[in-house]
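Both complexes below contain chain A, partnered by chain B and then by chain C.
Right, the complex of A and B next:
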């Protein structure tokens, strides 16, 4: 039985906030491919491409352990297997595990061949058919965990699983831009996921916007003053609420259609950089230190920083060329933030979104991403513990082509035919 | 005061001593440049008025150990600000139509204040009409040529969303009718027109003919605008003067500025 997660009591002001510790982060470069696939929640292993071999490898390596060929290809493979042995760690010299004992480990014999060492969900026992998930741990590296085949009641509350996810349940959320048309859907989906509070940053309360009344009507939502283009406003909110933000969702976005020559000035481009790039930097300077310090703070520890980016951060969409450039800058900055947050265990999640269903994409043909879809996928990604999320058919298509060849994708996006 | 008048003949020295003695008081008509102060809002596909923003350069720290200073950015038309004739298409070809080329003596002058606060309290779209101006003159005398005319509405006391008062059909705030502005320019040869609202025009000014008549007629005639002012309730109807020099920006269409009024003691 999973021990149900309890809503955390108010913090005891006399107890020191626990300093984050991390599991081992040492991996070979080959094993980083496991981390890259874990970022998207995929289960991939190396398969030998020699026609008469096809041996599945684990752990990651440079040559086939059966035929010594170096033609090893990462492939999505079945994650099912049988739990053949378990062990419970009751003490450890590693501080991270020492603080979390007892910790269950096991050996799973995968139906595709290899036997692997993995972490265990509390609902699996020796002899069970299980499925493995590949996820990032607090040090940002890939680990495997065995789940029951059938979802157990309160499965997500399992302590070892929750260490790998960013489940919003019982956590406090800051959504940075109430004016974004997706703010209401985000707040609503998060509340349905059991968060304990949603703070929504509102810029320029002196001018109305359509969703204000809807946002205010949600029980558990609190509007707070925040303008990501105003350093003093960001600092003030961080001073007041920085220690209560467990998940920060940066949905602030400035978007205008157009590339370089269509506009003839840099005004909108500056606004795009101010919101999409400098806004993220201001938020990170103000909020990230407090979050990093609270990443081991119990049930409602600080756990994730989510950037809602455009998928055109990966390749320019010339019709929105300036916006794409600001998102490329933001994407690069989010990678820097990942590096700066890695020692805290706070995960930086990038949500790559296709064209959104809003006024600025109005003349574009579908498919476009409705706010409800973005919100649903974002919350699912937090619950699943993902690091990179692609939302919408266009984003998924761009992702596939980007992974295949960034240059071919660039050619496709910038060809005469595309224009 | 009598002794001073006997001793000094220089009127500037007279003014200086009146300021020192408190016989002339200084009233600040300026809002603080605050990042959250409302600016005019245009349809989002148009370029927008940049908000006031400030970034620290250093504050006695590793970025500069003994000094504190900031970089600020804003539009020429952010906060309490001055409109030069080049701001509007009607004034674009006039001589001396930019803040750096306007004769500096135009920045110092007398001001009359038409109190529309009562009407504005009752009607968000209160209009300053020629009739109101004529009635005001019956009480206070004819508006002198080359005067500034300020429309007092007490709008500066509004906070938050009540200031722009934006609704689905646009902002609602008081302002002059096209006829009133033409009267002030053509019949009274004023120097400029000033308001407490976000612009010299009414919130619904786009729906007059011509649209934005205060901007169109004032700047077309080489006159100036002052807006987003406060403390107009501390000015007398007549007898005060203002100092309103904008920043000397090359080819500038306007500028945030400090508007100061000199008011005779007890003259409020």
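Right, the complex of A and C next:
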């Protein structure tokens, strides 16, 4: 039985805050492919591509352990198997596990062949048919966990699973820009996911905007003053709320159509960089250290930093070329933030969004991403423990093409027909 | 398909000069220091000098950044034959069989085989996190229980598959403690009762405290040389009746229930000219009692799954009807890293040469020694065994 998660009591300042420690992050380079697929929540193993072989490998290898071929191809494979042995670790040499014992692990004999050691959900027992999921642990590396075939009641509350996810339940969220048309949908979906509080940053509160009344009407939402283009505003809010932000959703965005020659000057480009790039940097300088210090702090530990990016951060959309460039800068900075946050275990989640259903994307044809879809996918990704999320059909299309060949994608995006 | 050919016997080669250092729980010394200590003791006991050693075989985990090569210069040895055996718990018989062929073929006259490791306060934890690539990728991230957790899974499976209880494992641990009390080098000095075994602190279910070896610092050594030289110098020595070695056997088994011995025992006993019933004592690799049971089965003392019943009516102590791990084994003497792969072999040499002192089994003539090493991922990869026969 899953022990239901209890809403954490008010923090007792006299009690030690558990310091961030990590499970082992050492992996071979081949095993990093497991981490890359875990980022999207996929279960892939190496399969030998020799026509007379097809042997499935685990752990990650550099040559086939059946025929010695080096033609090993990562493929989506069945993650089902039987749990044939279990143990509960009561004492560990690693400081992360020492503070989390008893910790269950097991051996699963996969139906596709290999046996794997994995973490166990509390609802699985020896002899059970199980399914494995591939996720990132606090060290940012791939691990496998065995889940029951049928979703268990309160499955997400399981401690070992929750260590791998960024479930917003009982956590406090900061959404950075109330004026973004997605702010209301984000707040609403997060509240439905059981968060404790949603703080929504609002710049220039004297300036009216359509969703303000709707946001204020939501029970659990608090509007706070925040202008990501103003360093002192960001620092002021971090001073007051920095220790209470468990998930930060950076949805601030400045977007205008146009590339280089269609614009007469760099003023919009500067606004785009101010919000989309420097905004992220200001937020990270002010909030990241406090989040990093609270990343092991129990049920409402700081767990995720979410950047809502355009999928055109990966390749320029010349019609929004300057906006794409600011997002490419933000995307690069997010990778730097990942590296800086990895020692704390706080996950930097990138949401790559296709063109959104809003006034600045009005000239574009469908399909476009409604705010409700973005919000739903973002919350689902946090619950599932993903690191990279592609929202909308266009984003998924761009992802596929980017993974195949960034250069071919560039040729497609910059051809004569593209503009 | 190439068929294996019948092997040559180890005629004209003997094993001699067993040496063991006292074991220490934690040491500030290095592996080099411990290895030198055992090596010196072994060479001295044979009445030889370091310059007489022209073959050198080393097994150690904690020599880094050195290997056997660095040790030659460090210790001033000038061997014309050099080997480094990274087989952990299987390294004893594996070192022996390589050295025996070198001596038999004249590539070396006297090979010193030595295994040793130090144990600094934090060195065990550091070793675990980077033990092997598969361990680093696919076992250490899961609770970081180290070998305790890996063997807990095997033990859990074995217990359910064959209806084995914790008392069955306890018999092995309790009898070995009894033996260790006769061994002044052992780290465990107090008797162990079945009650105390069963009440042992939980480590990684179903494994508890007394199922686990204590990592220590120490070293073990022996010499392999021509029989004529040993006879001429009057050094007590033993013949090598047979040896086997196997790696990565039965990779298709979903979990380890048997080791490579099972593939090779016909050859082992065929070469020795006798079966398991004719040995006077058995030294198994005992990092966990479940592995002892696996060896009893795979080495042909009983059928698969029968080990618990086999030992139930046996007395495994030095004075018993089935002397086993007579120096206390790693479970009670301690696990000095790679020397854990030598402890049984070195004790067996003492036994069949009648030089075991307080742990001497009466009339011990033949000993079977078995090795098991390197939990590369989810199971032990290396297995080895040797049968020694004393010269009366």
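Here, the second predicted complex is superposed on the first by the 419 of 419 C-alpha atoms of A that agree within 3 Å, B and C clash if a C-alpha of one lies under 4 Å from a C-alpha of the other, contacts with A are read in each partner's own complex, and residues count from 1 in each chain.
Operating definition for what follows: a contact is a pair of C-beta atoms (placed from the backbone, for glycine too) under 8 Å apart; a residue touches a chain by one contact, two chains touch by 3 or more.
No experiment lies behind these values; they were computed from the predicted model shown.
Asks: Given the alignment on chain A, is it a clash or a fit between chain B and chain C?
Replies: Superposition result for chain B and chain C: fit.
Asks: Identify the partner contact of A:232: answer first if only chain B is touched, second if only chain C is, both if each is, neither if none is.
Replies: The first partner, chain B, only.
Asks: A:58 in the overlay: touching chain B, chain C, both, or neither? Say first, second, both or neither.
Replies: Touch status of A:58: second partner only.
Asks: By residue count, is chain A touched more by chain B or by chain C?
Replies: Of chain B and chain C, more residues of chain A lie in contact with C.
Asks: After the superposition on chain A, what angle is formed at the C-alpha centre of chain A by the C-alpha centres of chain B and chain C, rounded to the nearest 10 degrees?
Replies: In the superposed arrangement it comes to 140 degrees.
Asks: Mind working out whether A:129 is in touch with chain B, chain C, both or neither, as first, second, both or neither?
Replies: A:129 sits against neither chain B nor chain C.
Asks: For A:207, decide between first (touching chain B), second (touching chain C), both and neither.
Replies: After superposition on chain A, A:207 lies in contact with chain B alone.
Asks: With both complexes overlaid on chain A, does A:93 touch chain B (first), chain C (second), both or neither?
Replies: In the superposed model, A:93 contacts chain C only, not chain B.
Asks: Once the two complexes are aligned on their shared chain, state how close chain B comes to chain C by Cα atoms, in whole Å.
Replies: 37
Asks: Okay, in this complex, where on chain A does chain C touch?
Replies: Those residues of chain A that touch chain C are 23-24, 26-28, 30-31, 58-60, 65, 84-94, 96-97, 103-107, 109, 115-119, 126, 137, 139, 141, 143.
Asks: Going by the contact rule at the top, pick out the chain A residues touching chain B in the complex.
Replies: Touching chain B: residues 204-208, 225, 227, 229-233, 256, 265, 267-268, 271, 359 of chain A.
Asks: Would you tell me which residues of chain B are touching chain A in their complex?
Replies: 35-36, 38, 41, 44-45, 47-48, 51, 53-56, 160-161, 163-164, 166-167
Asks: Which positions of chain C touch chain A when the two form their complex?
Replies: Chain C residues touching chain A: 124-125, 128-130, 133-134, 136-146, 148-150, 152-154, 156-157, 160, 201-207, 251, 254-255, 377-378.
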